[in-house]
Amino acid sequence: MPEGEILYDIEHAEVVERNLRILEALLFASAEPLAPAEIGAYLGEGADVEALLALLAERYAGRGVNLVRRGDKYAFRTAEDLGFLLRREETESRTLSRAALETLAIIAYHQPATRAEVEEVRGVATGKGTLDLLMEAGWVRMRGRRRTPGRPVTYGTTEAFLDHFGLESLADLPGLEELKGAGLLSSRLPATMQIPLPFDGPLRDDEDPLDPDDLGEAPEHEDEP
Amino acid sequence: MPEGEILYDIEHAEVVERNLRILEALLFASAEPLAPAEIGAYLGEGADVEALLALLAERYAGRGVNLVRRGDKYAFRTAEDLGFLLRREETESRTLSRAALETLAIIAYHQPATRAEVEEVRGVATGKGTLDLLMEAGWVRMRGRRRTPGRPVTYGTTEAFLDHFGLESLADLPGLEELKGAGLLSSRLPATMQIPLPFDGPLRDDEDPLDPDDLGEAPEHEDEP
Amino acid sequence: MSDTSSGWFEAPERAAEGEVMYVDVGGYEGPLDLLLELARRQKVDLSGISVLALAEQYLAFIETVREKRIEIAADYLVMAAWLAYLKSRLMVPQAPGDEEPSGEMMAALLQFRLKRLEAMRGAASALMHRPRLGLAVYQRGAPEPITIRKRSLWEASLYDLLKAYATQRERSVPADYQLRERTVWSLQEAREILQRLIGDSLDWVPMQTYLARYLPTPEQRVTAMASTFASSLELVRQGHVELRQTLAFGPLFVRRRAGDGGGPEDAN
């Protein structure tokens, strides 16, 4: 190997280490998950944030604290297998009602879902308070409006939902494959119909953006790529 | 080395690694620095907490996050040379109090509104501090003085207000029907109930300009389109 | 679902006297929940249940409740009407040219809905047993103040703002009005309830006949019939549903128009 290349490699390795330290510091300092774009501003020109994150995650794999992905963001979290040790006395201040729990699950697995669709699965009307409560908890957000008569609001889950339940993405929802296989994610009898999968990406073809006066989550979540 | 000792060493190394993981998770999750005695309760029988702490400190030396000693206690802290990362924009985000939020909402909808008018809707006296705070935040400004006895100051919202709440203009504030539709207002309200059209244009007929020694926002905002 | 077909025609098992009878309606989250509970008593695996027996048990339960003159929510009565219809479809073989949905199809639909509800409950429970943040997994306990993005000092969302406003306006309204006592629910409402219960994959259904049996008083039947007829005409005009009556004064069949609820172009 020519001397120039070796020098380049050494320099490159130093840059990587320096960037990893910065990444570590930033992610450690924040309680909330951070997006690569938020981190990138602190790194040197041309740094490959995703590659650095992958490297950092690898270094922390198997440790007491792991680097985890939550949707499009990253955060340090204590290792799952240590949960039994760290578990503090049950301070679950917010016990969700059965109705709220079911509604959350239906939205998570069927998203984007309208209120009528949630009600159809549960077979009862959903109290106004239930959706409010889930939105206040920060787990559910209004996504848009379905392009059908009445333009009903579509609901989906948030990044905080993924973070709270320890999911990298919706594909990690427990039992998703089995439910899909059994045709239970469909809104109808599983005939020849395609089985939809939960989806929290940008608006779909049959969704309009929320109206300007719709309330809900800060809209910046929605419009960002 | 006899075989027994090697086995012992391997087992010992595993116990140490396990304890280091627990230590890492505990220190990471704790809101306060931890004393060795507090940590000991979480580790296996007979673990040498001080030695483990020393080992952990060594591993984190030179990293983006270091294990530091604070008196007799230990905590993870961002490496000192990376402090610049955290010293950017030390703004602290605080949530608006309910009183302030309510006052702001009434001013937004009923502007131009005097303090007495705000109090009439709220049904309680509004502390002077609340209005000051809203003006400090840059969301509320004094517009002028109402031409009624006592010449009370009229308040309105600012462009920063529109900016913060993502409104293009006051006309974007949802009206009665939209509030009902969003489930924020009950549909059983009396038919006589109305929501005013907010107005933030130039001074109205019943408003005088502010007196020269009134405080408040820079008046140049007022006449701009 | 073919494995269930044998179960549909089995003689309904006699519901153990006193078991079904003392179920408390208040404890259920709607008719589907009650049905699920009844089904679970039959068998653990929903694929193996007898839908006919299930319908019998449900109807018996509703009868008891009505005999005791206990108020029961409309949803439960609509489900009873639908199950009575389902029962009749299951017991009488389908005649050729009969355009009504077959009993088997309706039974499969009910089974599907019960399975889906049960699956969602399982999913909810699985979610709650995940290593949840703050319960088994922790974030940094002492985050160091850092601001990645420039943030304003004060935080409030538009939602908070509007909620604050609406709450105050509502608070200022004299609170002496009362909830309207509903003595009548129209068949249009009934159909909405039904759609919630059964979904909209239904075909021609002579619901009126069955529903009438479960409407408490004759006066209610009359108003209900009248208001439904009017509202269904409106829905026909808007192109949402189709009506069919095979003979004068015969039962009125209603069905959702094909394609309605699909894309926007279908809706028009």
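Letters A, B and C mark the chains as written, and numbering starts fresh at 1 in each.
One rule holds for everything that comes next: a contact is a pair of C-beta atoms (placed from the backbone, for glycine too) under 8 Å apart; a residue touches a chain by one contact, two chains touch by 3 or more.
Keep in mind that this is a model prediction, so the values were computed, not measured.
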| item | value |
| --- | --- |
| Label of the chain whose CA centroid is most distant from the centroid of subunit A | C |
| Per-chain CA centroid nearest to the all-protein CA mean | A |
| Inter-chain centre distance, subunit A versus subunit B - centres from mean C-alpha coordinates, in Å | 22 |
| Geometric centre distance via CA averages, subunit C-subunit B, whole Å | 42 |
| Computed distance of Cα centres, subunit C from subunit A, in Å | 31 |
| Multi-chain contact sites of subunit B, meaning residues that touch two or more partners | 25, 28-29, 76, 78, 85-86, 166-167, 173-174, 182, 184 |
| Contacts with 2+ other chains: residues of subunit C | 138-140, 144, 146, 157-158, 162-163 |
| Contact set on subunit A toward subunit C in their complex | 26, 28-32, 34, 38-39, 41, 75-80, 83-84, 86-87, 92, 96, 98-99, 101-102, 104-106, 108-109, 116, 119-125, 135, 147-149, 163-167, 173-175, 179, 182-184, 187-190, 206, 215-218 |
| Subunit A residues within the subunit B interface of the complex | 20-26, 28-29, 42, 62-65, 76, 78-79, 82, 85-86, 128, 132, 212-215, 218-219 |
| Touching residues (chain side subunit C, partner subunit B) in the complex | 138-142, 144-147, 150-158, 160-173, 177, 179-180 |
| Touch list for subunit C against partner subunit A, complex | 29-33, 75, 108-109, 112-113, 115-117, 119-128, 130-140, 143-144, 146, 148-149, 157-159, 162-163, 195-197, 199, 201, 240, 261-264, 267 |
